[in-house]
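Chain IDs A, B and C follow the sequence of writing; residue 1 opens each chain.
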Amino acid sequence: MIYRETGQFRTSYAEDQAIFRLRQDKIGIAVILAIAWIGIPFFADEYLLRAILVPFLILAIAAIGLNLLLGYCGQISLGTGAFMAIGAYAAYNLALRLPALPLLLDFLLAGLIAAAVGVVFGLPSLRIKGLYLAVATLAAQFFADWAFLRLPWFTNYTPSGSVTAPPLDFFGWVADTPREKYFVCLAFACLTALLAKNLVRSRIGRSWMAIRDMDIAAEIIGIRPMTAKLSAFAVSSFVAGGAGVLWAFVHLGSWEPLAFSIDMSFRLLFMVIIGGMGSILGSFLGAAFITVLPIFLNQAPGLVGIQLSTAMVSHLEFMIFGSLIVLFLIWEPHGLARLWQIGKEKMRLWPFPY
Amino acid sequence: MLATVTPSPPAAPIAQRQRAIGEVLLAVENISLRFGGVRALSNVSFDIRKGEIRAIIGPNGAGKSSMLNVINGFYHPQEGRILWKGRARSRMRPHEAAKGGIARTFQNIALFKGMTTLDNIMTGRILKMRASFIEQALYLGRGRSEELRERAFVERIIDFLEIAHIRHTPVGKLPYGLQKRVELARALAMEPELLLLDEPMAGMNLEEKEDMCRFILDVNEEFGTTIALIEHDMSVVMDISDRVVVLDYGKLLADGTPEQVRNDPAVIAAYLGVAHG
Amino acid sequence: MAELGPLLEVVLGGLMSGVLYALVALGFVLIFKASGVFNFAQGAMVLFAALSLVRLAEWLPFPLAFLLTIVIMTAVAWAIERLVLRPLVGQHGLILFMATIGVTFFLDGFGQTIWGSNVYQLDLGIPASPWFLLESLFPGGILVSPIDVFAAAIAGALVLALSIFFHSTKIGRALRAVADDHQAAQSVGIPLNRIWLIVWSTAGIVALVAGMAWGSKLGVQFSLSLIALKALPVLILGGLTSIPGAIVGGLIVGAGEKLAEFYIGPSIGGGIEYWFAYVLALAVLLVRPQGLFGEKIIERV
């Protein structure tokens, strides 16, 4: 009976519209934020920060981007990796060729460039749906792969094809320790989550969901499918582009085009499906799952005494991912986020079964 | 076939109802619609006056839903034209119809199954919301004030249609009758001048039908909304409509008051069949 | 006339590889035509079939290995139908599509776990040395690979057989009904599950043939699975429901790719093949959202 709402009355629509309505939820998010901002930086070791938390946060941001497009607006995209790449290379070139601009502005502009390209590759969604659209988004992916590989201007004519990010200099403060990098990513993750959540519960979010659920009915409400779909592509690509910048600059440091190949797109797709389509929380859960699983697969057999080759681990990963996708789609298409919700529901009623 | 349902004491006769029926709001002229070889509508003309309740009836397959789709902008007729508020429309898309003040419900409920009742009805207010992208993203200024303002507006409709108890329920989980009511609420949220209802009482029991009738009448009387509805239940049609259009095989069969139409031999023949020797 | 030589070679080579693409696309079309499911896992099935064949052929005589592989592919089809499709009957197409992506990953991992992840050579006994045609017209002759010719012949025969199958047999009609509407087909007594088993097994056999063709050309290795990605633009061009469309689409993509590489490639840095097919498909979609041969979708309200 811990999770009851009894006695909590909302006396204004404003209160009812709040993101966290129940007192328990408010306490819960406060605790999580406290752990994230205070607890972890103090107690986590470098490995945890560098190899697990930073990639988790960045991929969560990218997953939010894809979720906005796929989960909320119902437009499938297999090219999210491409938009991350566009963001990364845009920021790199901006930092390189316009050194006068502050780094944050580079990030912002890179996101906007990715958004613009996203709109262009989203134009087909006005005429085609479903898997035809998926193929069109693959066009974006492969084209970006090729462009960053074969057009040397993007990589500043380096012979190896790989580039290095400039130092993370934010108005004088340089983030170069794992802890500082973690803070940067955490800040962006919280910001993205907040903005996404706001968008999703406002007019634009509802128009996305209307298009997803029944685009014909959406039209009769007065929603223009073009505006809704293209705005979804734009916002999604902006967020993915931003995540790409972070991935390249904060996590990888140096990278080559392959870092954003179709593998990345599929990884993000899995995060969104497993975590929960149409859920901001789900993006985080999915990202956590996909980030932790390979590490678990690497360590766990060793703990039980079985030795597996790296190739074998990679094959196992494939098999587990694949089966999980199928399992989730059959069993709970709304992913871990829905499971979480169901868990909360049960807690409200506990000890009663229903 | 005629459905015979005896409702509770009928509402007051038309003449006594406070309704000002005005000039022509929508007129369809010589509309013909074909799908490949199938003629859905042939040379149909009628008008709808401001403030009235117009029933469109006819046997199954008569073209009634197609007629609504044409008015809505979903289908574009091969011949004929539509005059909305005196001006002829060329090819109009559904969202333009929405902007022009036409709202509609569907035979097979067209609600957004992934959203709650409240969110569904809030989508009906989309055309009235003007907040910019940044304001929405930051939930500031108009982003916030509009949400609250529209929420208040929508809550009045929710009260009016008595669906407050399900406002946070995902519509997919609602029973059929309630879904139809939510769809009506969403259409009302658009503050339409013309409300097109496609079989709003299909599949309802007697009690639900009475409720829906009451709501439709209230909407017409309190908000002055012009209503065109497709309906199979003859007693409902007789009771609440001002004028009736009868379609059969895509053609106009009769057009007049309920009494006129009911006694029209062509209509009787279409519904009951001509007696064979 | 002689200057046309290299061009003709490029075109012929492109057409040949186009036929190979079409072979893979055929599997997609089969399944989509019959069950409305876009089977992203077709590429993984090609890989799995090729791997099974090549490894079994190391111990068993080739015909036996071939037959055994067919049995294996049927088992795979059965498993997919039972474990993935049946629980998802009636679901949105997108959900099914994503489920097949899951199957792809699973099959890729599974196949390599069982059969290993090295590159295996598939020797079908086809002469490897190229033929030179029309040496009288063009100096040196036009270079043509016998493997490609063999694949083209097989593909042609397969297409013919499948077209006849779909149009003229009772099962073919049933398959078309199922593709149209699962539940309606069930309600007229069509045994959905058995139909799907037949279709997926057939797709498995098509995958095997495709695997043999591509495997002898490239060697049997993981990248075979990625050929499926190349088949997608073929499907767009040909329309997802048309068997002849898959062939035409394959030819266009194959020839188009090679020609684009030949003419435009050198000026932009090469590697056009990477994305050309996709951009071509995209351009076609913008003009004809149903592909060149696909059926137009009319939405009823």
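Here, a contact is a pair of C-beta atoms (placed from the backbone, for glycine too) under 8 Å apart; a residue touches a chain by one contact, two chains touch by 3 or more.
All values derive from a computational prediction rather than experimental measurement.
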Central subunit by CA centre of mass proxy: A
Contact-richer chain pair [A-C vs A-B]: A-C
Subunit B-subunit C separation of Cα centroids, rounded to whole Å: 49
Distance between chain centroids, defined by C-alpha means - subunit A, subunit C (Å): 33
CA centroid of subunit A to CA centroid of subunit B, Å: 42
Contacts with 2+ other chains: residues of subunit B: 74, 106
Multi-partner residues of subunit C (at least 2 other chains): 301
Two or more partner chains touched - positions in subunit A: 216
Residues on subunit A engaged by subunit C in the complex (per definition of touch): 74, 76, 123-124, 127-128, 130-132, 134-136, 138-139, 142-143, 145-146, 149-152, 216, 262, 266, 269, 273, 311-312, 314-326, 329-330, 333
Contacting residues of subunit C [partner subunit A, same complex]: 38, 83-84, 87-88, 91, 93-95, 97-99, 101-110, 112-113, 117, 229, 232-233, 235-236, 240, 268-272, 274-275, 278-279, 281-282, 285-286, 289, 291, 299, 301
Interface residues, subunit A side, partner subunit B - complex: 13-14, 16-17, 195, 198-199, 202-204, 206-207, 209-210, 212-214, 216-225, 231, 278
Complex contacts: residues of subunit B adjacent to subunit A: 72, 74, 93-95, 97-99, 103-104, 106, 110-115, 119, 122-124, 126-127, 129, 131, 133, 136-139, 143, 146-148, 151-152, 155, 186, 190
